[in-house]
Structure formats: C-alpha cells, structure tokens
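Below is one structure. I have some questions about it.
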Amino acid sequence: MTQQITIDPVTRLEGHGKIDIFLDDEGNVDNAYFVIPELRGFEQFCVGRPAEEMPRITNRICGVCPEAHHMAGTKALDALFHVEPSPAVKKLREMFYMAFYVTDHTTHFYALGGPDFVVGPDAPAAERNILGVIHKVGVDIGKQVIACRQRNHHVIQMLGGRGVHPVAGLPGGWAKALTEEERVEVEKIARENVEFAKFSLKLFADVVLGNQDYVDLVLSDAFTEPTYSMGMVDENNMVNFYDGKIRVVAPDGEELVKYEAKDYQKHIAERVEPWTYLKFPYLKDVGWKGFVPGKDSGVYCATPLSRLNAADGMATPLAQEAYEQMYETLGSKRINGRYQPVHYRLSIHWARLIELMFAAERMLNLVTDPVITDPNVRVVVNNIPDEGVGCVEAPRGTLTHHYWTDENGILTRVNLIVGTTNNYAPIAMSVKKAAKSLIKQGTVVTEGLLNRVEMAFRAYDPCFGCATHSLPGQMPLEVVIRDSQGEEVQRLSQFT
Amino acid sequence: MMPQERIGVYICHCGSNIAGTVDVEELSSWAGEALRHRGVVVARDYKFMCSSLGQDLIAKDIKEDKLTRVVVAACSPHLHEATFRKACADAGLNPYLCELVSIREQVSWVHTDKVAATAKAKAVISGGVERVIHHEPLEPMSVPINPATLVVGGGIAGIQAAMEIADSGFHVYLVEREPSIGGHMAQFDKTFPTLDCAACILTPKMVSIGSHPHVTLLTYSEVEQVDGYVGNFSVRVRKKASYVNHDVCTGCSICEEKCPKKVVDSVFEAGLGYRKAIYRPFPQAVPKYPVIDAENCIYFDTGKCKACEIHCEAGAIDFEQEDQIIELNVGNIILATGYDLFDARRETQYGYGRLANVFTSLEFERLTNAAGPTNGEIVLRDGETKPKAVGIIHCVGSRDRKFNNYCSVICCMQSLKFAHLVKERTGAEVYNFYIDMRTAYKEYDEFYQRVLSEGVHFIRGRVAEVTDVSNTPEEEERLVIQTEDTRMGKQRRIPVDMVILSAALEPRHDSDEIAHMFGISCSVNGWFIEKHPKLDPVATMTEGIFIAGCAQGPKDIPSTVTQGAAAAARVLGRIQQKELALEPIRAEVTEALCSGCRICNNLCPYHAITFDEAKEVSVINAALCQGCGTCVAACPSNAISGTQFSNEQVMAQLEGLLMLNMAEPVLA
Amino acid sequence: MSENGKPKFGMYWASSCGGCEISVLNIGEHILTVDEIFDVVFWPVAADFKYKDVRGYPDGYIDLCLFNGAIRNSENEEMAHLLRQKSKVLVAFGSCAYEGCIPALANFTSKEAILQTVFLDSPSVDNPDRVLPQPVTAVPEGEIRIPEMYETVKSLDQVVDVDYIIPGCPPEPHQIWAVLQVVVAALTEGAELPPKGSIVGAQETAVCEECIYPKSEKKIFRFYRPYEKVPEPGVCLLEQGIVCMGPATRGGCGALCPQVGMGCRGCYGPLGEVKDQGARMLSAMASVIGVGEPEMDERMLEREFETVMDTLADPAGTFYRFSMSHSLLRRAKVNGNGHAEPEPAEAGTTNVEMAN
Amino acid sequence: MMNNENFEPVIIGFTCNWCSYRAADLAGTARVKYPPNVRLIRLMCSGRMDPTFVLQAFAGGADGVLITGCHPGECHYLEQNLKALRRTMLLKRTVAQFGIEPERVRLVWASAAEGVHLAHMITDMVEEIRALGPLNWPQVAALNGNSHVPVLKKAATVSEEKVEVAA
C-alpha cells in the first residue's frame, strides 16, 4: 500500500514549510515534495506606492535580512532615477552592509547550522540549539556571539536608523552620514569582528575538521549535489556582496556566463508548480530539465559555497587564506588558476565562515577609508524615473529587485528574485535525495533520521521568500505516516 | 449588561405639522421597544411638546422615572432647544443632558411619503438616543468682567465712547498716538450739513474728557501688546518721551515761541503750515502740554540750544526723560483708530504735488479754518491770490478699480461744503466733478439743493486730467480740468485757479498689525471686520473687542459718534453683568495625551491655542475658544476633546442614524 | 506554572517577516535571563517543542504567549485559535499581529491580482501552461494540500480575543525587555498587570514627544519626497514638508527614523482612542496646508490646494502604511494600488518588450 | 452601469450650525421637498468635520456622505470651512485608492439663506449615488468571512421596564 509521510511544519517559510514524502508499495521513497504554503504578494501590492519607499517596504519581506532588501531596493532606485552614487555613498552603504553580513553569518553559524556540528547531528534535539552550543563551548563564547550580534546591530542602527528594518536608503544617496566619533567607534567594532572571525574559523577547524565522523558526513554522497554555481564578483572576479557582475559556473567550473545584474531576465526564468506558492528559478542558457542535477540541468545554487565556487578568490588576505584551505582540504584541484567547484552541501557552513572573515576585513578597510566620513551623502534628485534593477548578494543568495514607474516615480510594476528562491530547486532535490538515501524499505523512521533529512536543507540556511528562520537550527519536524486510506499508522517527531 | 442611562424619548405631533407626515404613535411605541436595550425607559408622543403641558410631561417623568437623559423629537433646535433644556433644568436635570432632534424641518416638512418619512424619523431618533448617552452635564462658564475699559484712538469716535463709559462711573483708559486727542475732526473748519464749526462742538468734549475723573488720558502713546481675553485683558502701552514734565508744565507755551526750529507740520496742518520742534498740534490741544520732537530738535541733533529749557520758568523741560511702559488691566477694549487720507499723489494725472494749486480736501480744511495757516483765507499757494474759479474733484482714490473699490461716503457732502465755503468767501466760480451725488442722510440732500441754488456748477463724469498746458489764451497760467461731461455727452476743458481733490478715506497704514495685535481681522480692503455687518456692527469675532468709527469703514461724523456710543453701550452692558456667561461648548487639551506636535497651534482664528514651552504641550484658553471644533478634528493624537460635540457623541449619533444599534443592523 | 514553578512562555509567528524574533534576540544578554525566568514550552525560534504537545496542552497552559504575524491564510488563523485556547495571556506582538503592517498593504489589491502578477505576469516567470498554486494538487504519487490564501489580511484581534498589544515594526528591544520585566513581576511577585486590552511597550503620546527636533507652528506650502530635499538639520521634518507620520503615531520607539532625517513611518500605530490612524493624519496634514485665503475665488482656492496635494504621493499608502487591517475600511473595494483595475495583459506586453 | 432604480441610498450629511443646518431648517419652513435618503448631523462648523466620521459612515453602511458649510469667506469662524475643503479634497483622493468613487463624498456650500439650493444639492446627490449603486462596505470588508460588524456596543439584555405610551 502507498504511504504518505507528511513533515509539517518544517519551519516557517512565509508561514511553514512542509515536506511530503511518498513511499511506494515496497516502502521506498517514491518522491518527496518540498512545499511552501504562503504568499504575501509584494510584487503586486507595491504597485501604486512611491518607488523611493521600496527599500523601506521590501525590507518587510524578511526581518532577518532586511538590510539585504533595503540595499537591493536602494540600488534599484539609483538605476531607476539614473543617479550614480558618490564613492563616499557607495562605501558607506557597503560598510553598513558588511556589519549586517557579520551579524547574519554569525547568527546562522552559531544558532542555526552550527549546532549540528558543535553538539553533533545525533545529539538529543533538546541540546541542538544555541543554548546547547553555549553549554558545549562555554557561556563566555555564547556571550561573545551575543556581543558580536549586538555591536553590529548597533552599527546598523547608527547608520540605518533602526536595528531591524533600516530606513536610510535613498536614490543616489544615504540619509545618515558617519561622524568622526562614530567612525572611531565603528573601527573598533570592525577590529573586534576580525578577531571574532579568526576565532570562529579556528572553532570550526577544531570541532568539525578535528572529527573524522563529521568530515565523512560532509563528504558523504547523501549530501552531495553537483549543480551550477552563481555568485557576484568584482572586476577581479573576487567575491563581492555589494556590487559587481553575476557569474555562473558549471559543476565542473567552466564559466557559463558573466552578466550585468540588469540583464538577469536574459539568463534567469522561474517555473511555477501548482503544489507550492514559491517559484523555481533556473538558468535560461541551459534550460529547465526538472529537478535533476548536473551540467545539462538549469538548476543552480546561490549560496556562500556557490559564491566561492563562482569566484576566483577572496579580496582580503585572511579570507583568501581560509578560502584556499577549504578547497585544498576538500580535495579540489586548481584548473587554470581557479579551484574546481565543490558540491558538498554541508561545506556551505564552512564557506559561510570564510565569508564572515571577508565581511569583517572588508568592513575594516572601508571604515579606515578617508572618504567614509564625507558629510554630503544625501542628494537631491530631479531625474525622471522609469525602470531600474538593483542587485546584491544576500547571505542566502543573489537578490534582485526590478522596478518600473510612471514619470512621477509611482510604481507600475515590480519583480523580485529573492535570495533563497534561487536555491528552491536544489533544496527540494537535496531533501529528496536525503530521504531516498535514508528511508529504505523497512526502515523505521527515527528522529535522528529526520534530523539528517532536515540537515540537507538547513545547510542552505533556507530563508524562503526570505522570511525563513529557526534559530536553534531546530526544525519542528514531525512525521505522520498514514496508509493509503489516510489512517495514521505511525506518528513520531524528532524530539521525543 | 443593563444600559447605564435611563432615557426618555418625547415625540411631538406639532399639531399635524409632524403627525401629518410621520406616524408619531408608531414612533413612540417603536422607540419604547426597539431602543429599550439602549436605555429608553419612557417613550411618549404628544400634541405639542413645547406647550407647558408637554414640558410638564417631561418634568414629571424626570422626577418619577428618574430619567438621566432626555431626547425630544420635534422641531429645529434653533427654535426650541432652549425651551426643552430649561424644562429639564427646572426638573433638576442638567440642561445639557437633553437632546432635541428635528423631525419637522428635516422630516415631515420636506418629505411626502409617510412610510419613508417615518423610517427616517426612526433613524433620526435612534441617532439622538445614541448621542445623548454620551452627553455630559455642563455648566456655563462665567468670566468676571474687569470694569475698566481701554479705548484706542482719541478721535471723535473714541472720545464719544470714552465719555459715555466714564460718565456712567466706570474707568476708561484713552490711548492716542498723537500729542493731543481730537483726531481728524479737530482739523476741520465747518461740519456738513449744518456748517457749525467743528472746533466749537469738539473742543468742549475734549476738555471734559481731559479733566474727567474717570478717564486716564494717555496721549503720545501706543499699545504694544495685548494678552488675555474678554473680561481680563492685560495691555502694555508705551508712552513716548515728551521731554516735558507734565507735573510742573503749565502749558504757557512760551517754549514754543522761543524754540528756534521751524518744522513743516505734515500732520495737523496737512503740510500747509509750520510748527516748532517743541509743539502742541494746535492751541486747544488736550492735554495742553507740548512735546519735543526729538528728530527735529536742535539740542538732540547738536547737543546745543536748550532755548526751551532756558525760558521755561516752571523748569518742566527734561531732556533725560525716557519712554514709559504702562501695564493696564481692562475688561473690554474699543478700537477707534480712524482712517488715513488717500495719498493724492498716486492719482498722478490730477497733478497733486506737481501742480502747486492742486489741494487735498484736508489741506483745504486747514485753508478754510480760521485757526489755520491762512486764518481762514481761501488763497492759492502763493498765500495771497484769491481763486476766480475752483474745481472740486470727487471720488479721488474711491470707487476706482486702480485704488479702492469702495465709496468713501463723506466726499460728496464734504465737496458740497467746500463749494459752499468757496462761494461764500470768494465768490469764485465753483465746479464739482462727480460720478454720482450721494447725499443719503438726514438733511444732506437739502444741503445739496441749497448749494445748487447758490450757482455751483455740477459736471458728471470722471476727470481725465488736471494740467497746466494751455490750449487757449483764457487757459494760460491756469489749471485746466479735462473731463467728459456725461450729461452733455462731450469732452470739456475747464480752466480754474484752484483744484480740490476729495481724497478717499483709507484704513490706517498699520491696520493689519493692529488687528493682529488685538486678535481681530481686517477685510480685503483693510477695514476691521465687525461680528455681523448688520446685526452686530460694533462687536468683533473676538469677545470683548469692539470697534467704532472709520476704523470699521468710512463714515461721517454722526455715524461715527453713533458707533462710539453704541460700542460704549455694549461695553457698559458687559460691565453691569459683572460676570459673563459663555456657552460651555469648548475645546480642551488633555495634557497627558499631547505630544506637542503643534499641528493645532495656528488653526484657531481667535488665537485661543498657545504652546506651553515649559510643559511642551498646547493649551487652549477656554474663554477665547468659540467651540468651532476645528482643532478637535485636526489633532492627530485625539488629545483635544470638544464638549457637546465630542468624537464619541458624533460617532454615536452616526451609528444611531445608520441604525447600527439595532439588534439586527438595518439600513432603511 | 510548571513543576519547576516557572511561568510558561510561548512565542509564535504567523504571516510575518521574522523581524520580531530578531528584535527579541536584540535584547542581548537578557535573552539568557528570559531563559532562566521562563519555562519555554513553545518557541520555534528559540527552543524545541512538539506540535502534538501544544495540541495536548490543557487550555490556558501557556502563561504568556507572544503572537506575531498577521492572518494571511487559513493556517495562520488555525494557529491563532489553537494558541488562544492554550494561552492564559495572548499578546499581539508587533505591527502585523496588531494592525496588519506592510503585508496588509495587500488589502489595497486582491488575491486574484496577486496570483496574476506573481505567477503569470512576472517578467521572469516561465509558465506556459498558466499554472497557479492550488489548495489541493493531485501528483502521480498522491495529493498535496496547501493552505488557502485569504483575500484580506487580518489582524490577530479580528480572529481571536487578544489580551495585550505590543506595537512596532518591530517592537524596539528596550520596550520588549521592559514589558517582560513587568510580566515577570506580575507572575512572580503578584504585581499588578495592566488592564486587559492595554497597549504595552509604548507610550501614551505621539512620536513627536520623543523626537529630537524642536517643534513650531506648522504651515505646509508643498510636500517633499525624501529625495527631493536635503532636510535642514535640527528642524522638524514635517515643517519642512517632508511627510512624517510622527504626530499621528504612538511613541515608544525613541523617534529613531527622524533622527536620521527620514520621516516617521508610523509603525507603532495610532494613539489612544483613535479609530483610524490614516484619517487622523489625513486630517492633520490637510489642516496645516498653508495656502489659500478666505477671500479667494473658490476655483482659485481649489486650484491652490490641488497643487499642494499633487506633491503628496500615494496618500492612502502613506497614511495606512502599517494600519490597513485595523483601519475603518480594512481593505480596498477593487485594486487600490492607484489603478482602477489591474491591467495584467498590458503589463504583460510591456514586459515582453523589456525582456527582449 | 447596473440598474439601480429601486435602490434607496443612505446618505449621511454633516451640517454647520450657522449656515447649512439653518438652510435645512429653511428648506423645511419653505416646505421644499427632497428625498428622505439623507440623515443630517449638526456640527458647530464644517471645520469640525473629521475624516474619521466619513470613513465610519461608509464602514457602517452609508452609500454617500454630504459635507456642508458656509461659503468661502463667509465662515462663522472666519476660515475653518477652508480646512473642511482641504480635508475633503485630500479625503476624496484617499478613498479613491480604496476603490470608493470620490463622488460618494460631496462638499456643498450653503448659506443660511440657501434652503432651496441645499434641497437641490441633496436631491442631486441622491440621484448620483443611486446611479452609482450600493457601496455595501460591511460586505466588502467581510471578504473571507471577516465578520466586520462596524464598532457597535454590545446589545444589552432587555430591561424589564414596561414602556408607557401616553394615550
């Protein structure tokens, strides 16, 4: 008889996420569906609003990474109003953005992904949360994590107006200038960030790389999925979060395309499925072949790992050092100067820490740049707006905002391709693969097993519709096994 | 839960006025049933609710059924609100807990379909019931009236007003800008139509005011600031330094004789004569004391001279004297600030200021005045030549789109007076150039007839120009008035030796500032606006501020005096009341809710809203507030509440009108 | 209270962005104190829990439940009912639960228009078969169900009874901590709780009270959009014509946005007895428009006013930016995005041109 | 446009105590007839008109709202009617975004002498709203079973008082 396993809710993904696993008569996984059951429709209700409000409206798409939407929206306004921000403005924005990256990556590593490693994938769920991490590594470190988040949120509020949902973004400018006193304070924070990034990389080396079981897990087939990699690169093809071109490389590392963000429509399209509210983006240049990996499938990833895969390296020394260490350790070869991409999903966590280091170093470079305290960062704009695209790397993937307005700057049309959305197809695939490889005929579905399924997508730090987060890395998984009549035959949950 | 109020609903038949179109029995039984859950405990209908029997019904129920609210459905509140409020009050219920809703003017008289009319009446009553639940007992506010009065302006209007009040035994402060009271009237020679001399009738009044026990005369003084509200104004007056110690000065005027500095007198003598640097505007000035015009005084200029001081036996000269600030507390204020004369130079085509023998009306008044520069001799500027022909042009600056649209009222009569005087004293030919003759007042037209019979020429038409360019020998060395004669229907050139321009009366140049200082307003033309142009011409929109004389608009002496007296009467009425009861419909700021955003601050035309800098909240002066409710509707915090028209009351009435209070919301 | 005598704490998110949770985390080390004081029995973001446990809890088992997020679909509403039943004190936490917040701007448009725009007209969408998400989908292996999206975004108190409200998008950390302390005092020392229905974690007066700029009388001759003017430092933004919702918005945030030269967004919602934040701001702003004299000809007056109002972009979207669900009208009758009706077809064609 | 001949609109009218309310009285004393669809509320001045009242009227089921005041320049309180004009103009722009026809809000100047004028304006508006059709806001707001009952007090238990009616 056919059985249906419903994992509901996975976690809040514009509401909750849900996994439907179908077993065939032998009890093997027939298929698995990752379902996003909520839609808020920003693309529609933003129509009629004044364009300049978008950075302050769209940040409500995600309260965890509002800064990313605020920044993508602000850059879209630059393009919409045809105004080129001054170097000072660009640097101020990027510095603000780096502070955000530090706090966001910190949150994810220590609160979301981290627990799987720090306290272990099979540890009792009750311990697999930030408090568990603290117990394992000690309260002092826990306080360090909290302190790191706090000092960077302080910078975000200083420059953005508010700690959550900043308001300072304007076409061609920024509402708040940095005073010298503030600069001194931020510089101190940036230096602390670099130290904290060093510490985090060391912790990862000790706890994860020092443990062969984890390394095996990382390298295991269940968590390997070769796909295209997408990421933003600067003029030297180094990783950049704030500005640059979008580069896509094949599973084997060959460059597929490098394009201006404004041309995204030429290279990206989105599929619609009736059983979910979220769309599936894919590479037009390759085409949609369904939920399959490999070079012939348009499925791609936009994660910390794929950003590293798509780039030639990191623009700051310590980050570059860590970057090389990761690829060497994971046995990647340099081909004409670039490392071959790696596709171990769990190594996304590692890549995230390398990005943490980059963000910290970059922040320090920017805050010590003499123009950063230029008082004239707000400008009057008289140009007639029409259409504009803004793009940044959100922690969870390439984030694109596209606006059309009438001559008064009232929005007539909006398109958004949100960070995690890029990864919807690969996540669905990873989940299915994990399920297939873990749930076999006759297996009793246990909590640890569910957690491993869960780990498959937690690595992406999924933020569906960019509003998905569960800080303890603790997906409230619950499995209901019903027979074909829908009668409940087994119900279990990962935390009993 | 039980409704908190016990409400009585009373439906009036008004004979057949209401009952004819509205099913009143149905209404009363409906109200008793359908609105019972809202607190209606009694519902009656009656032939004439306003009759004493009807009122007794209500009074009886208030006592026996312990009603806490009353709704009367009858005629317009403007007719009988007072009646029913009083009925409630007599029965021991606060009058403001009674609501009168109109089912006559707004239902039975304007609708024909009985069913629809009855349905609407239900809605209206349900609205009244919902509203009255939110009524609060109110007491009329009473403000004590300070019996002292401030009169601003010492012309005939101000003098008359001050006199009336002072004679009734109440104190008056009379403030005058110039060194003497008297105003424009003091400059005139004769007054139309009776031709009795202005000085003869004015100066006695001036003298008695000057010496009146209940009058404090503040000449050479100006009001600088006004605070407070009806009954309790506090006024700051600046008394300019006169450099003459009035306590010792005898008014002998020796100083004026000895003063070496001659100054053209552009005020009193209208520029025709001279005064000294130390001077009294005119011999009969009140007060009699001179003032030193520091700007023209040699001593103040060079530090030398002091002729006046040397010759003053009283030793009254005091060069060290400084301006004096005087604080007054008064209950009412009368503004009688008068008018300015239109500057005839602006009508360039009439040549005033360019052609020597073109005079303004005021100059001519001085010319004919026995006490004037020529001792009453009507002569040309040369001071000796008598004119053989004189042209008098009406409406100079009046009834003229370029300057003032209005009629200055007095010019016609004044011009007739001039014509008569010229004829009488010089026998010269006199030509009047007018648009219309306006002699609409007691014995005015008779005077017109008289002047006509004296052989004065009247030419109807607007004068094009006055020129000294001659076309014919007889025009040489003379002024020619070029005009269209609309009665003859042709252009005419009339040579004359003297031209008199009947210049318009204009609001004081600073009337806007004055209005703002006293919290009243000016019309587009700049005249002070009365509370009601017909029914309340001397009151203003600001309680306790009255206006009289030409400050309110051009008028002749009789009307001016009448207004002075009228304003005084209004003030005396207030003073007699001792306390003033104000309708308790007022706005009020709840300090705890006010964020100090100051949205409301400039919304009040009565300046009732001020900002308390210390507490950082806005404050409403209840005595100044007129209860319009504009600030209540504007306050973004709902921090301002308006008694008797609160948000709760209006919203409740709204819901009642929409029948949302029914068990089943029904929309007729 | 549970065995260990600790009060039981729960926090849940319906249709929201997660900012409320981040703001709670931003109380910093106090989060550890919260962990000590409370027995967390339900908090997707911070601790483990069992759904079936929640269902199994006796009614009123949870002492304090913070509910954030609006009611956008059937699932949100179900959770609201469940948690109301299981909680002693249910708090509408944050603007979404309180008044709909930014997502409730969707009430200016329709569910149909949203689906049309997102799945059919989006310039990047590839949907040849014009597929739309369905509540129930038959797949080869069986069927998949997803919640029903609502036409109208609702606030929490429109579906269940709410005890307290903590406003803000998101509530500021210092206010959250202040409230938690009050609750703890009440639960442990039996201190007095504010009356039911109170708005807590905010002040009684408007944002202006906390704003750093001195206020003076207001006369607005034209409005400026934030990119049309560099504000004069130290001067009230509204007095400069830069739209600021401060006067009509409850304070408590610390007037943060004006401090960086941006007008208050209005996220703390209306004040006191105000029934409709938008209407209050509308009335206040219209009242202080500085042009026009009583003597003027009526047409002239209207022209003058129109000119000023033309400089005020998207009045409804501005006045109701956060309070749409709780406004008197609650939603628009048709697509109110400034267009009479959505014009998908037209938009579609323009899009093709853009794409190629 | 749907056929609305049998539709009887409900219109709430706000009047100024000094002009339009007296105009309504005058219409009455002059026995000028107009349709019974308008229900008036008296305010001291059109300046008291709060947009909240208008929205509440719509939310409560009114099909139109009539705001009346003294002619510009004739306001009993000098210029408060201009505030009413400004608020009404901005309100019309705002309700339009809610999909409410701006014609459903009408501002009319009527001095105390203009009873006939006011009656004509009322008749005219009733016909205009009749043509527009019902607004039915309670139903609009009730989409998705949003049981939107406009703020109304709980119906109290019926009191035991017996109702006397004068014979």
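Each chain gets a letter, A, B, C and D, in the order it is written, and its residues are counted from 1.
By our rule, contacts are C-beta pairs under 8 Å (C-beta built on N, C-alpha and C of every residue); 3 or more make two chains touch, one makes a residue touch a chain.
For clarity, every value in this text was computed on a predicted model and none was experimentally measured.
Chemist: Give me the ID of the chain with the smallest distance between its Cα centroid and the all-protein Cα centroid.
Modeler: That would be C.
Chemist: Which pair, B-D or B-C, has more C-beta contacts?
Modeler: If we tally the C-beta pairs in contact for B-D and B-C, the bigger total goes to B-D.
Chemist: From the C-alpha centre of subunit B to that of subunit D, how far is it in Å?
Modeler: Once rounded, the distance between the two centres reads 37 Å.
Chemist: Please report how many Å separate the Cα centroid of subunit B from that of subunit C, as a whole number.
Modeler: Each chain reduced to its C-alpha mean, subunit B and subunit C end up 53 Å apart.
Chemist: Using the average of all C-alpha atoms in each chain as its centre, how far is it in Å between subunit A and subunit B?
Modeler: 75
Chemist: Between subunit A and subunit C, tell me the centre distance in angstrom, where each centre is the average of that chain's C-alpha atoms.
Modeler: 25
Chemist: Residues of subunit D that touch two or more other chains: which are they?
Modeler: In subunit D, 50, 52, 56, 78-79, 83, 87, 97, 150-151 touch at least two other chains.
Chemist: Do you know which subunit B residues sit against two or more other chains?
Modeler: Within subunit B, residues 603, 630, 633-634, 647, 651 contact more than one other chain.
Chemist: Hey, what residues on subunit C touch two or more of the other chains?
Modeler: 108, 274-275, 280, 283, 287, 295, 314, 317, 336-338
Chemist: Pairwise, which chains touch?
Modeler: Every pair of chains meeting the touch criterion: A-C, B-C, B-D, C-D.
Chemist: List the residues on subunit B that touch subunit C in their complex, please.
Modeler: The touching residues are 524, 592-599, 601-603, 616, 630, 633-639, 647, 651.
Chemist: Can you list the subunit A residues touching subunit C in their complex?
Modeler: 2, 4, 9, 11-12, 14-16, 18, 20, 22, 30-31, 33, 35, 37-41, 43-50, 52-53, 56-57, 60-64, 66, 77, 81, 107, 125-126, 129-131, 142-143, 146, 149-150, 153, 157, 159-165, 167-168, 170-173, 175-176, 264-266, 268-277, 279, 281-282, 288, 378-381, 387, 402, 404, 408-410, 412-413, 415, 417, 467-472, 474, 476, 478, 491, 493, 495-496
Chemist: Name, in rising order, each residue of subunit D that touches subunit B in their complex.
Modeler: Interface residues on subunit D, with respect to subunit B: 8, 10, 12, 21-22, 24-25, 27-29, 31-36, 39-45, 47-50, 52-53, 56-57, 60-62, 76-80, 83, 87, 119, 138, 149-159, 161, 163-166.
Chemist: For a test of understanding, state which residues of subunit D touch subunit C in their complex under the given definition.
Modeler: Where subunit D meets subunit C, its residues are 50-52, 54-56, 58-59, 71-73, 75, 78-79, 82-83, 85-87, 89-91, 93-94, 97-100, 109, 135, 137, 140-141, 143-144, 146, 148, 150-151.
Chemist: Enumerate the contact residues on subunit C facing subunit D in the complex.
Modeler: Those in contact with subunit D are residues 108, 150-152, 154, 158, 274-276, 278-280, 282-283, 285-287, 289, 292-296, 298, 301-302, 305-306, 309, 312, 314-317, 319, 327-338.
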